[in-house]
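Chain IDs A, B, C and D follow the sequence of writing; residue 1 opens each chain.
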Amino acid sequence: MKIFKQIGIAGLLVLTSVPGYSEIDFTGSWTPLFHEDYPERFPGPELGDYMGIPVNAAGRLRGDSYDADRISMVSQYECRPHGSDYNMRGSANLRISRDLDPVTQAPVAFHTFIGFQSAQRTIWLDGRPHPPEYADHSWAGFSTGVWDGNMLNITTTHLKEYYIRRNGVPRSDQAVVTEHWTRHGNYLTVIVVINDPVFLTEPLVRSENWIYDPGQEILPSNCEPAPEVPNPPGVITPHHLPGTNPFLHEVADWYGIPYDAVRGGAETMRPEYRKVMGKPEHVPEKCERYCDCGKDAGACNLH
Amino acid sequence: MRRILFAILIVGAVPALTFAQGGRGGGRGGPPPQGKAGAPVDLSGYWVSPIFEDYRWRMFTPLKGDAASVPINDAARKIVDAWDPAKDEAAGEQCKAYGAAGIMRVPGRLHITWQDDNTLKIETDAGTQTRLFHFTGQAPKEGEPSWQGYSAAKWEVTALPGGPAGVGLGMLPRQGTKSRTLDVVTTQLRPGYLRKNGVPYGANTTLTEYYDHWSEPSGQEWFTVTTVVTDPEYLAIPFVTTTDFKKEPDGSKFNPRPCTAR
Amino acid sequence: MKWRAAILAAGVCGWLVSAAGQQPQQNFDNVKIQVTPVQKNIYMLFGAGGNVTVQVGKDGVLLIDTEFEPLVPKLMAEIKKLSDGPIQYIINTHVHGDHVGGNDAFYKLIPKNPQLPLNIIAHANVLNRLTAPGPNGAPGTSTAEHPGFPEDEYDTPYKDFYYNGEPIFIYHEPNAHTDGDSVILFRGSDVVTTGDIFTPDSYPFIDIARGGSVKGEIDALDHILELTVPADHQEGGTYVIPGHGRVCDEADVVEFRDMVVIVKDRVQDLIKKGKTLDQVKASKPTEDYDTEYGANGADRFVEAVYKSLSGK
Amino acid sequence: MQSTIKRAIWVAVAAVGALSAQQAPPAELHVLPVQGNIYMLVGAGGNITLQIGKQGVLMVDTGLAANAAAVYAEVKKLTNLPIRYIINTHVHPDHVGGNEGLAKLIPPNRAQPLSIIANENVLNRMIKPRPDGTTQQFGLPTDEYYLPFKALNYNGEAVIIYHELNAHTDGDSVILFRGSDVVSTGDIFTPDAYPFIDVAQGGSVEGELKALTHILELTVPAKTEEGGTLVIPGHGRLCEETDVAEFRDMMAIVRDRIQDGIKKKKTLAQIKADKPTLDYDTEYYRQGAFVTPDMFVEAVYKSLTGGK
């Protein structure tokens, strides 16, 4: 009975409709694959490693001044979730859900939930405008998505200042992030493009992969800043004065890399840079740090 | 727009109508055209790969024994530890890191052209390699293994988790999404390296690639290739990476140079 | 980008305008008033100059800061859209012309009502500076010719009262941006208005000539951080209306506070090494912040920090 | 060690005394809606403050051990949401007694685990052996804080916990619910009984006065000096700023009288004989109340003379 009705309606509509296409569905639980930069993403980046970032002088000095104690001494840093641009590179699992318009069944929004610090984000698909410039910013920012075939193109504004790499290279609250999500079978590919006039000389492009993982449990995380020890007298925000950071050469020496390359910058990221990059000051015999991260699809042991 | 969408959703749910359009979903009136004629995006031109990720593994020949991020197994670990570039050179195998499973990660530029209506050609300046993507179906039975192997390509019809694209689901043929992705499956590979420092892949490797084209707000064109290396011999799970290529106005920076083992 | 420019412009005007709140030679004809609902009773209005905080409720309307005289009719029109209740309180966060410039005009526009008198509140130092004798013995401006001057001044560490169903705390922040800064907490609405102690898009203008100091500035920012309580995961909760720029919360104040502290530490270090002001400026102690807070404000900021630390 | 145990016993007795002034167990519990998210739960020992909102339940104090089950049942009548926080204003058994029972009754919740907060001095005292030699295992305030204040945001409002130095004890917390505009004082403020200044556990009259003055800073009355911020005392009725002012002034006046006596080299006995609280006894002392005028005078005297 119902079927006949449908055919009736459908027939009618088909006559009046031009070909259109439904969207890819990203909903479900996903686990990140760390097949690129595993040691950076977990257990964490080396200090002073700006490789692969088209960083400007300002961003580089912020990184040089960064003291990791900041996270524990400035209590407001303790419970921050990642910015939504960094989150797709982070080390927690991801759940994506979707709102549909009850009448048209057209997708209204995707919601992402990431276990680390309960990071939540909405990507609006209904064509709504972004808020005015004088509205408040957030870790997730304000995201709108537009479909291009099987690719969702996302634009994010209103981000809070955060970092591009967890060693102090910042991403400013003026950044505009564009993303391109697509899905191939059980693989989710997320391309993140960060445009930051404040700290980057050109867009930063990073692409991550997630694998479909139904049935995983993602719990909200509870976090309360709890300063364990008071700051040393006079210290409000720990940092290294310019030219005094003793750790900047470590990464070059540990991995046998020219120091200039470690400092990052757009010019160091072109293939032709290999011709001019110069010689490392120190080259170890063989790999000694994180050489087996991800071996047998396992975690990252330190040797 | 939503009206149309509504219509299509219903059409998708009605056998009589959708069979009439051919069961392969996605495009109407049977399978969509392949090859040059069916190209939903234009990948031809000169492209460069700026090194944003895996910088210290891609830009340099990594330290001996560094297999970080690759889900290798014990067999692979032995080969990694035994890596000796001199031996490879002596054996005339200095192109081991330039095979299909590794070449897209080698810093360099690509020149992509249509060799003919059914063959997309990718030339690399690093190692002067040539990959041919055949839109004419599966690999020949008796193929000779080579660095670049045999690549069967098709314009993806629709993304369907855990199944071939666009087939019917139960009684209802599937109304799919219009895809802009180029799917390439490469086999008949000569054993080579995923990384310059001897992280291996074996002869039974199947390389699956998805080429996705996108643009910056500025209009600057890019494509990202999602590479899935499946190698029962040396990998615990498929090795999945994404490599981003930026369009260049011309070939002035395309700089062919031979393979090197170091 | 345009937005930033506007803010900087306004900031600079604010600085140029004399304490008596005379208008800068600036045309406000095309200035549009933007209204942002912040939280519960609180709205933020912005045209040109400083941000205006508006609290509306069953009792009436409370304003913080008044921008420039020519903008007052436009501001008034927007306020009327939010509430037709009486305007009973005006609070000035500090003495600069882009924050007190509209006081007189508001006083004139607001209908007099003995039952509901208009209270204009600021720290005593704001009134003192507004009425202080001019240079070379020129007579001070009298409150007679400026009925909009804050004659309900306070000189205690804080002042509190209850309005529109919530407690309102006005804290004096000693010698921060000036010597008459007030930070206002709307405890029920959970919103803090900071005045120019906090400006997310530009370096703080530490007005040493009017009693500002970098130590007071940092103490004030730390106090603001004590007042703000973020909701889950360091976001939202207490909202912060800065002197200039967008609506913020605690995390934004932390970024700003850390910047001021880091630059202060650098300048302090250079002073210890016996560097002169010019040498300090030349060593670019704000290099990594200029792209964010505006290079054109850097020298003024560094100079203020230097003078405030060296006493020279 | 000996003295600690004695102290513990003494406090236990003290608490029961303070309680018997109001009613005898089995407790008859009453719930009074206060303002915003806040309810006052009376009858379990010290007053219990409940904050109930869209996220769950936050409790200030837990009453006597014997009443834990009854208190839990009462909370369940008000909401099915989980109990996320317990805050203890101080260490006395009529305020922390219910911790252990509640910690056992509250089902584990991975999304909103129970977290028990108090000043670190409360924890330090609670982990010491009890009179019977055993030590408490459940319901300890292991989310202790040591800074001047601790801030949370729960049920959509800021909740600020202030440490009041050496007031009623050395571990007193005053809690401000900023959105609901309610202050919970613990035993620093008890409108119808003399304060029990527990000198033995770090209390002092100066600290009491400072704490009461701080409470006056936190409270803002609405029109005509009434309403506005409401105050939940450690024991007794719901109050507001003016009630706290009355109490504070009583303390200050009695303090000054005794100080004067001390200046005149009077002994404790002589000062007691002067009846420095005469004009307050009818208001703050009722037959059977735990803190007698003499105890109050003695505590003030000891606190002013450094325990002599």
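Everything that follows uses one rule, which is that a residue touches a chain if its C-beta (ideal position, glycine included) is under 8 Å from a C-beta of that chain, and two chains touch if they have at least 3 such contacts.
This structure is a prediction, so every number in the text was calculated from the model and none was measured.
Chains that count as touching both chain B and chain C, per the definition above, are A.
Placing every chain at the mean of its C-alpha atoms, the farthest one from chain A is found to be D. Ranked by how close its C-alpha mean sits to the mean of all protein C-alpha atoms, the top chain is A. Across the two candidate interfaces, A-D and A-C, the one carrying more C-beta contacts is A-C. The centroid of the Cα atoms in chain A and the matching centroid in chain D are 48 Å apart.
For the pair chain A and chain C, the distance between mean C-alpha positions equals 35 Å. Between chain A and chain B, the centres computed from C-alpha atoms are 24 Å apart. For the pair chain B and chain D, the distance between C-alpha centroids works out to 69 Å. Annotation for chain A: no residues touch 2 or more other chains. Contact with two or more other chains is made by residues 152 of chain D. Shared interface positions of chain B, i.e. residues touching 2 or more other chains, are not present.
The chain pairs satisfying the stated touch condition come to A-B, A-C, A-D, C-D. Of all the residues in chain A, the ones that touch chain C in their complex are 56-62, 65, 70, 74, 76-81, 117-119, 132-139, 160-161, 172-174, 197-199, 223, 225, 236-237, 239, 241-242. Interface residues of chain C, counted against chain D in their complex, comprise 160-162, 165-169, 187-188, 190, 226, 229-232, 237-238.
The touching residues of chain C, when paired with chain A in their complex, are 3, 34, 36, 44, 46, 200, 218, 222, 225, 230, 232-236, 239, 245-252, 254-255, 257-258, 261-262, 265-266, 269, 283, 285, 287-292.
Within the complex formed with chain C, the chain D residues making contact are 149, 151-153, 156-160, 178-179, 181, 220-223, 228-229.
Interface of chain D with chain A (complex): residues 110-113, 115, 143, 145, 147, 152.
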